[in-house]
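In what comes next, subunit A is part of two complexes: it sits with subunit B in the first one and with subunit C in the second one.
Showing the complex of A and B:
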């Protein structure tokens, strides 16, 4: 029976090609606009580390208060050296790390190749297990290298390709800014988006993966400046050491707390630490600390760009208008066939049969709209680079799930739009229609 | 024209669903189009802000010396600047930490009293020398340029409190309402800085919304940042831009190979920097424009579709009316008026929806308040669109001959 209704639907749709084309295009545009913007939204609002986002926490300590006319009640986003080192020494979490971005020149062994700039992080070895960094060769450096300020490095597969042709380079050495580092591990391609662990310096998205990691302690010894933001609420004493002991904030601190109990304990510890700083006279305000997990932190920092949210909303509004439009067109189309419906009903078709016939016709429009929508979505995703930051545009892509969703949304929304016109069609009075003819 | 409002109402009562759908569609379209156009206007007003520098003739080269310690940097920078200034086609060059449109730099509070006391204004800090005004093409509106003797090196983590500074007019007006900033004293830290000059305009490095309240507040300090990463800004003569884009990095590498000029974004024109800085603003305006256009087209098509259906349905009644003496003009007027009535109902709801949507966007995304002219403009556009869309079916209706009344089918 369904096949028969499909044939009927085709015949009917062919009878008014303009109206049919209009409906298909309307659905196609509406769905494509929504799906294109959804592809971006999906890419930017994803969870970068799903199985651990509730266990990784970013402690914040207010070391600025309301000094110098600062009005915010939130602690600074980043941490100063004094507090970060205090948290590392206290070792109150199962794992903890401090990190800051660095940009350094890598000098290839081959004198023919020119030095080049690489972006990386100075951090502690816990970084790798905490953030589930996958290794291709070797692994994280041992904790003793942190305490010994050792010249070790973990590099990306891309850097390994460039310097060693992709061979296992563990144990070999490389030259960064004139200093030799021993390679401890090579990371498989790894670039979580958003870059939750360094939102402070990336606004969340960065298409180039980090290329190397060196021990934080070594980087501080070498006085390597941060490649990211340094915020001071007051002038800092001169020199590197003066800056380290200033209240300038430039570090990201992360702790891993697997249970609710551990979280509560750590929160207490932070409060106590801040209270102690207040007693010591360093803070002249009550303890003001935060402990947010990855999801809460990304929410707080509004990592999902406004452009993405506004355009998704506008596109959804656009889809609603397209649907209202489709309701109107289907109504016109179905009601024009009132006499035909009257004849069918008079010949014994039940209302149920009329429902099936017209919903089948709507579903066909939906499928055609979905196909048009697929093409337009593909075009839209290609054109995303024109609208969004390249770091974000690169994340959006068409995959099987997006294609299925496109067709599904098209068919579903068309069928929903068809409910009212179909209901009207099913309630056509056969006697009245036959008489008026 | 004789407005036949009453018969229209009674006819519409028989087409409640269709009437409602058209009105709803017009309402939603108005709400979305008003807000989208408003977003476009806001974005365009952002990206047409001048940076204050001679963008058409400027190039930025990012340079990093390999393995140079901070004390080596001063002489290296001086020799690089000599190399660049001697290049054919180059007007002038200087080294700095940041430029307008670059999106990264140094921002700080400037105070009227020492140690962060007194009146505070936010400002961007641009490291400069005596060549900066000439290179960027900045117009000095009061005071003087830096003397070469005032320019000093600045090590990372030094305290920034130069005795002389040049500020923008916007910053001067923020600090001193009397309009005479030259000779006045301000504080970046403990020690005083005297304003020796005022330039007409120089935008801060950031174009994002968080800096929009102080986007004209810039300060030039006579300091050279002695770190192993710096930006060279080069001003070229007319028509020499492409040549210098290649010759500048080549000359630098020829002078000293132990340096890094990044492949990506290492050598860019200010026009490229502008395009990159405002990419998402321009993109958003384009996207909203496309959505508005398609939306208006679809709404118009929907009105054409439904009205055509009504015309088809009422052929017989139209024939009767024509037979009873109605002119073509009357029939045309009937459909136009009918559409106008539905349209007015639609825009009334739509205006309220537009304001509601704007309120919500203001709450959620810090948008500005939609002003009445935007809604009024949207109302006019949609009413005209409705009339234009209904014209073709209405003309077809007016061509229905009276003889139709006598036919049975």
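Showing the complex of A and C:
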């Protein structure tokens, strides 16, 4: 019967091409507006590390208090060197890392190639397993390289392509700012969005992938300054060592806590550490610490841009308006066929069959609306850069799942819109229709 | 075949109750050709729509093929309409978007019949009404008489036990009306039960029995019913 109803639907839609086109365009525009904004929303609000977002935690310690008239009760987003190193030394989590962004000149071995600036991170080896960084060749450097401040590096596949033509470069050396580094691993394309592990310096989104990672200990030895934010509540003592021992916050610290028990224990440890600092006279306030997992951290930082949420809501509202219009158009179309419904009912069609026939017709309108919506969504995604920040706009893209969702939303919403018109059609009184003929 | 006893149908509004049928009784035996006559507004069509299970009644009893139909739900009523009843309307009521073949197919579709069986029945029915060569034509391309023949083919295709006809020649000229009537008589001779509503005395005279309705009630009429059997033996009524 479905094939029969599909054939009837096609015939019916062809009979009133203008009305059909109007319905299809209405659905198409409504769905396209929703899907375009959804493409952005999906890109910015997705879970960047779904397997572990509940196990990775960002500790925060309030090392500023209410100095300098600071009114917030929240600890600073980043951590100073003293506290970060204390956490690393305590080693209270299964895995832990500290990181900060660096920008360094890479000097190719080929003298004809010019040096170029590359962005990367100084971190510990735990960074790679904690954040599930995928390797193409080799792997993370051993933990001993962290303690020995070794000149090792992990590079991106893109940088590997540029320097070594994509060959397996593990074990080879590269020159960064005049220092030779041994390559421990090559990372596949990896750029989680939002960049949850470095929200402090990216506002959550950065379209360029990190190009290299070097040991944190080595970077500190070489006095490599952060390429990100450095916030101080007071002036820092002079020199590199002075800065390291200041209360300036510039480091992101992450710990991996696989169980609720481990989380509770770590929270206790943070409290105890802050209390200890208070007793030592460094903090003049009660312990004020936070321990947020990835999702909580992204929520707290409002990483999803508010304009993305608002535009999605507005677009959904537009879709509802389009659907209300579609209800009216379908009602007019279906009720015009009341005589036909009367005849079909007289010839044995139950109300259920009338529902099936007319919902099949609505679904057909939905499919056509979905196809139009696909084209309009593609155009919308192309033009999204006019509304959103380019780093965010670049994240929005049309893939198979979005295409399927577009058609699905079009069909479902049209079928839902068709329920009332179909209900009216199914309740046409055949006797009245046949008498009035 | 069709037995109504003390049947009533009341249309109620906030201010008035209108009896379309009042204490109406009729008993149509299997194989009968009965004409239900009466002036406009007398309740003929209401009787027909209730008989065809297109409308419910307010009081009384209605047995169709021996079964009480008063408590049936929509599905059961639709199934009976589809399997036991054929309708022929004054306005033909063909679906304009469907060609002749597809129009005749409609009731068979709701019966869930296999394609080959549907096709055989459709072609048989269309041959019987003389329109087998017009299967691709649309209703608008046919004369009134031809359209009514298609409607009759549609009614016959499902082999109904009961044919209900509402002024079947009302929209036709004399010649076409004669052809349609002869077709109905042929169908009756083959054993179908036909109940025809008409206000045309000449048409009613071709039936075996007349039932006259005025103001929703059956009334006796002085005239003797003229039997369809006369026609079969050659003495036209």
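Following the convention adopted for this analysis, the second predicted complex is superposed on the first by the 425 of 437 C-alpha atoms of A that agree within 3 Å, B and C clash if a C-alpha of one lies under 4 Å from a C-alpha of the other, contacts with A are read in each partner's own complex, and residues count from 1 in each chain.
Following the convention adopted for this analysis, contacts are C-beta pairs under 8 Å (C-beta built on N, C-alpha and C of every residue); 3 or more make two chains touch, one makes a residue touch a chain.
Keep in mind it's a predicted model, so treat the numbers as computed, not measured.
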| item | value |
| --- | --- |
| Partner chain in contact with A:320 - subunit B first, subunit C second, else both or neither | first |
| Touching partner for A:33 - first (subunit B), second (subunit C), both, neither | first |
| Partner chain(s) touched by A:430 [first = subunit B, second = subunit C, both, neither] | second |
| Touched partner set for A:344, first subunit B, second subunit C, both or neither | second |
| Which of subunit B and subunit C A:12 touches, first, second, both or neither | second |
| Of subunit B and subunit C, the chain that contacts the larger number of subunit A residues | B |
| Residues on subunit A lying within both footprints (that of subunit B and that of subunit C) | 437 |
| Subunit C-touching residues of subunit A, taken from the complex the two chains share | 1, 4, 8, 11-12, 15, 339-340, 342-353, 429-431, 434-435, 437 |
| Contact set on subunit C toward subunit A in their complex | 45-46, 49, 52, 54-55, 74-75, 78-79, 81-83, 87, 89-91, 93-95, 97-98, 106-107, 109-112, 154, 158, 166 |
| Contact set on subunit B toward subunit A in their complex | 17-18, 21-22, 24-25, 28-29, 31-32, 35-36, 39, 64, 66-67, 108-109, 116, 120, 156-161, 188-190, 227, 229, 257-260, 262-263, 279-280, 283-284, 286-288, 291, 294-295, 298-299, 301-302, 305-306, 308-309, 312-313, 361, 364-365, 409 |
| In the complex with subunit B, residue positions of subunit A that touch it | 19, 22, 26, 29-30, 33, 67-69, 103, 105, 107, 114-117, 177-178, 225, 232, 234-240, 242-243, 305-307, 309-311, 314-315, 317-318, 320-322, 324-325, 327-329, 331-333, 335-336, 386-390, 420, 424, 437 |
